[in-house]
Amino acid sequence: MSLDRIKAGLRAQRIETPSWAYANSGTRFKVFPQPGVPRDPFEKVADAAVVHRLTGIAPTVSLHIPWDLVDDWTKLREFAQEQSVALGAINANVFQDEDYKLGSVTHPDPRVRRKATDHLLDCVDVMDATGSQDIKLWFSDGTNYPGQDDMRSRQDRLAEALAEVYRRLGGDQRMLLEYKLFEPAFYATDVPDWGTAYAHCLELGPKAQVVIDTGHHAPGTNIEFIVAFLLRQRKLGAFDFNSRFYADDDLMAGAADPFQLFRIMYEIVRGGALDPAYGITFMLDQCHNIEAKIPAILRSVLNIQEATAKALLVDRDVLGAAQQSGDVLAANAALMDAFNTDVRPMLAQLRADDGRDPDPIAAYHRSGYFERISADRTGGVQAGWGA
Amino acid sequence: MSLDRIKAGLRAQRIETPSWAYANSGTRFKVFPQPGVPRDPFEKVADAAVVHRLTGIAPTVSLHIPWDLVDDWTKLREFAQEQSVALGAINANVFQDEDYKLGSVTHPDPRVRRKATDHLLDCVDVMDATGSQDIKLWFSDGTNYPGQDDMRSRQDRLAEALAEVYRRLGGDQRMLLEYKLFEPAFYATDVPDWGTAYAHCLELGPKAQVVIDTGHHAPGTNIEFIVAFLLRQRKLGAFDFNSRFYADDDLMAGAADPFQLFRIMYEIVRGGALDPAYGITFMLDQCHNIEAKIPAILRSVLNIQEATAKALLVDRDVLGAAQQSGDVLAANAALMDAFNTDVRPMLAQLRADDGRDPDPIAAYHRSGYFERISADRTGGVQAGWGA
Amino acid sequence: MSLDRIKAGLRAQRIETPSWAYANSGTRFKVFPQPGVPRDPFEKVADAAVVHRLTGIAPTVSLHIPWDLVDDWTKLREFAQEQSVALGAINANVFQDEDYKLGSVTHPDPRVRRKATDHLLDCVDVMDATGSQDIKLWFSDGTNYPGQDDMRSRQDRLAEALAEVYRRLGGDQRMLLEYKLFEPAFYATDVPDWGTAYAHCLELGPKAQVVIDTGHHAPGTNIEFIVAFLLRQRKLGAFDFNSRFYADDDLMAGAADPFQLFRIMYEIVRGGALDPAYGITFMLDQCHNIEAKIPAILRSVLNIQEATAKALLVDRDVLGAAQQSGDVLAANAALMDAFNTDVRPMLAQLRADDGRDPDPIAAYHRSGYFERISADRTGGVQAGWGA
Amino acid sequence: MSLDRIKAGLRAQRIETPSWAYANSGTRFKVFPQPGVPRDPFEKVADAAVVHRLTGIAPTVSLHIPWDLVDDWTKLREFAQEQSVALGAINANVFQDEDYKLGSVTHPDPRVRRKATDHLLDCVDVMDATGSQDIKLWFSDGTNYPGQDDMRSRQDRLAEALAEVYRRLGGDQRMLLEYKLFEPAFYATDVPDWGTAYAHCLELGPKAQVVIDTGHHAPGTNIEFIVAFLLRQRKLGAFDFNSRFYADDDLMAGAADPFQLFRIMYEIVRGGALDPAYGITFMLDQCHNIEAKIPAILRSVLNIQEATAKALLVDRDVLGAAQQSGDVLAANAALMDAFNTDVRPMLAQLRADDGRDPDPIAAYHRSGYFERISADRTGGVQAGWGA
């Protein structure tokens, strides 16, 4: 690909940051609060806008309901607009009410299922208000012990709830269905793998698509294969990027295995899916438990951008010829040649050309923003996973 | 379930043993030959017949082409009949020809793909000759290095080959598609998981169904969930039973995790799929590298039978009521109560009632069969994975 | 082993329950509170005493500092005694103070290390007051990102802190060192595996011993091997029993893989380590996030007891002869014969002989205890991991 | 580190290639032979010499006994010398004789153990003849089924055999003990993890040291932690480099996770262990099943060299300051900055400065060596794992 086309690809790239990554988070052992953490959705949006201003490729912010509920959606929407960002996907939460101890839409009790499904429908209302196109569904539903509930009946209940929400979607709205191997359910989750999400989406229809959260797989899973396969089936709707060494660690994207991130982005490029017009939403879903929030999100956005630049650098003619001729080492070398290239100078130049600071993280530290929010955001309750 | 219905269920159970499990096998480090190992398909069938005579529930034997090629299929078929067994699924082999180093039906070279697909079509010819209903497809196809080949193009090639074979199937013939996470491919296999196999089968049509090999999953995969899900989708066609602690260890079924085997069989019972009329083929696929072949296969068949008996013992009224009321511990206890029951006396009685020895393994050792084959099968070349 | 010796072994068995398992717990997503949960260490001890009264083999309760801090240890000790239980191991907590965000005894800042070590020394003071023999150390210390801290320097700091605490131990006091693969640290933990704990204990001296938490291993780890190996080295000090399908799920012992629990208990029996005189502390360490606390702990104690009964049932003469002669299948069968036996009738009889209800869980439900604590424990703050 | 010191470090680096990596290898499914493969140890040494001539850092070649047995060791030694390489570690093989089906030095039968130990002693004789300093021990010993043999007795037998061989070592000879999680044993291996190898080496004495094979761990194991820990204990003796996605895949080093290889080499540099004087033997242990042998070994050597160059590039002052101040992101960035650097131009320059071709793989392809060996090595039997 010519450098111009590479730069065009990079300029078109869009990454969505999640409102909750700006808030406090932790493990079951401890949440360590940090200074300057937002206390409401407006402050989260303000932080997201900083990330966009510095990187130029993070123009939207995902919301999580009810954590980000506000009285006046128009006000939040306009506030975002003023900050030059927009509200992105609506993430439903059916895992924190006492009623959901044994499940939400798959719960054996129809009353609980009704309540959960109603929340999902409410989220579509929010979408109407915010202009968001996507409802993103992750279910903590599952069981901790063999026999605890009937796995197959839970699928029936899941299908029923999804169908009801699907019918409620507007013409240009989508349902994005996430899967996860385990946690918080420890024996069986109701949507454990991409196959399950895919089968449900297929039955629902074209507006239902699969979300790949890069931290939600069994050890050894080849994620880029799933990317390639779902692109072929036209059923990949979104990513939740993060990285992991063990489980759903929710570390910064690209931090644990930058080569894997590159391979994923290569499949995206190869499948023609990098362009926003293709329709994939590239989100982060991370927890910055011990590191500073905004710089960690900047780092994650840049890591994805660097992986993308390397993916765009792959000489696909050379690669294709080596593949076709069965030259294993030459084909591998064609890929590695791109990965081993240091793309940071090119990206710095790209930013400079676009009037941005070539080093977004250094610019952030120089900006005084952190000192300002640390000083200003002192009263009230810091946002976290619980609020 | 009443004891009578449990016994009826157990009497109807059918397990297919694989011809190659009677032959020599090993690891990449060493194949340890054993005395008495068959030298041709007839001797393999003879051994399989011993297993059926002693257990009463192993009436068919899977063949592997070309390992089990014979000049005259009628002769083998009649020989099996004389021994009171029948020929079962035909397992294709497109992984041992020099041409298949970089793949068979997914190979970049159309010549190799043609050759591989032709072999699959030949296998359907064999089915016509043997009366086998199922062609079972496992592909070693995959790549060892990132970039080695284009993963998505390989899916296109796979789909094309499968479609051609599917069209060749007779009215009551089926295609059974197996998946496997890794080995011998070490970076990406072309059918790595049930989702991939499911998607292909769905596109092929009703005669294509998924095979679950219990040793082919990533660590932590909940196999009984896949069983339940595929039953719900009506796409589960067969099992390859074996057990594993780490990878595709191919140990005796039930040896590594008897509780998992029980949970799998419970989902089969719960889904009404134990009865042969449902159409699932329950096969073994094992390697007895260091233990005596026939007793190991007997042990495996008995392990599955014991797990099935326990699954049938589950009091589903008690279980269902506990599940419905959200009583986690009572529901789990209902399942465990069956698992903790010692079903061996009941099964011994069942065998005695049917005129069999209550202890098939002891009967085998008393029979002198092993001494006989060890003495008789001395010339020629012992069968193994290569022949 | 004769039935009398089996029963003697079972009567001598001792399992320690953890105070925190009676309290509220959950995942990072949500803690679901339960009715009747204790509000202070006295109520925890009272619940533990119920478990002991019903099972007869749970005479001690582990404490966690600071969660179980009381003003007057003599009062708690005497209260326990009145309830016929005793206070067991003291579990230190150096992971919930703001200062410990980047580590406790391995923190780069010597001030934080001092504070953490002082807490450990305080725990030895508590041991003097409670009469506890063991300080049990689990460190959440580790790093989330490559480069975050110097792994080797952290070992130096760890060794220094352990040595200081070791020197403070009284003549019959022990230090029990736990290891854990990951969580809450997601890149590297400072004591990730038994080898690390073993090496430190060896350098510290005979009073330092390793704790095996059954949920703290990488997938595929053979835990009974570690048991056998540490017994051979005389360095196994304690267990934290629980079960897991994926990570540190902290489910009820024996719930996920009862065969594994049996194999572990077999190595204990084989190593002569079941007798309390041997010195191993058999504890539970579990989280009953969605199931009723006391019945779940009863279930766990009974699961361990059942596994132990099966382990004692192994005919070691038969097993040893088969092993010595290289008869793989006979040796495996000797072990499986014991595992497949239903030991529940024998255990019910044992309880009846000792004047207990043969079914402890049914007896608990009949006792009205849960209704009583649910009604009584209404004011105040329920205990949890945070208090 | 100054560029001069970096270059000095790189010039001093030594990587040992294994004779068997030049020979045919495969999986249990199939060995695909390749043209030009050596037929005897002389031809293997010749190939290894090519790798050294082109890279300048692979001056020794590991031998495997009995695969590399020759009548006249002096002749092989002199042949190597003529080719400017030397004979390296002696790798014992006690896994391919019929007698070793159930183990070698841990076998229940003392006759088999004697035979196996005698082979190990013979290997020390070979060392005396070849001038090799290291005997490298990997045992396939283990069990496939629970109960198959007594795990603890096997440790006693292992310890006894190791002690006998240790006593036989000359003054400057070492015993290098390898561990492996599984394969070919599928239930329990007798040296499954570094802790086991470490404990044995500690009891044996200072001449016994641990080998880390990078493909021999459970999923999720942090290998660089083990490196750092063993360096601290002065018990790391050697590496077997290769890479894996799943199990012991034996792919080219650096192919699966280049970031992990970098982290490992960073711990080596940080521990001062890169210099040959430190005493660590850096070997490859790989199987080039589908790719050309010599270029794959060149690629592996270069991958390790590139990872080492990046490790040397880490600005340890910046890193240390960030670590000490608890700046998680700055510390991580200091490490990543080195990893993200493209070191290939510097390495090409280094080679040019030393009078070598800047691109060893291109030079190999231009050299005509492959065409020559393909033409010349036509009669006889190609070397493989069996011969």
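Some points to look at:
By written order: A, B, C and D. Residues from 1 in each chain.
By our rule, contacts are C-beta pairs under 8 Å (C-beta built on N, C-alpha and C of every residue); 3 or more make two chains touch, one makes a residue touch a chain.
Labels paired with UniProt names: A, B, C, D = Rhamnose isomerase.
Computed from a predicted model, the values in this text were never measured in an experiment.
Listed by label, the chains touching chain B (Rhamnose isomerase) and chain C (Rhamnose isomerase) alike are A, D.
By count of C-beta pairs in contact, C-D exceeds the other of the chain pairs C-D and A-D. Rounded to whole angstrom, the centroid-to-centroid distance between chain A (Rhamnose isomerase) and chain C (Rhamnose isomerase), based on C-alpha atoms, equals 38 Å.
Centre-to-centre spacing of chain A (Rhamnose isomerase) and chain D (Rhamnose isomerase) amounts to 40 Å, using the average Cα coordinate of each chain. Residue positions of chain D (Rhamnose isomerase) touching 2 or more other chains, listed in rising order: 102, 144-146, 181-182, 187, 219-220, 222, 245-246, 255, 259, 290-291, 328-329, 332-333. The residues of chain A (Rhamnose isomerase) lying in touch with chain D (Rhamnose isomerase) in their complex are 219-220, 222, 245-246, 255, 257-259, 290-292, 295-296, 299, 306, 328-329, 332-333, 339-342, 344, 361. Chain B (Rhamnose isomerase) meets chain D (Rhamnose isomerase) in the complex at residues 25-30, 32-33, 95-96, 98, 100-102, 140, 144-146, 181-184, 186-187, 219, 244-247, 249, 251-252, 255-256, 289-291, 385. Every residue of chain D (Rhamnose isomerase) that touches chain C (Rhamnose isomerase) in the complex is listed here, in rising order: 102, 108-109, 144-152, 155-156, 181-182, 187-188, 192-196, 198-199, 202, 217-222, 224-225, 228-229, 231-233, 259, 263, 267, 270-271, 319-320, 323-326, 328-329, 331-336.
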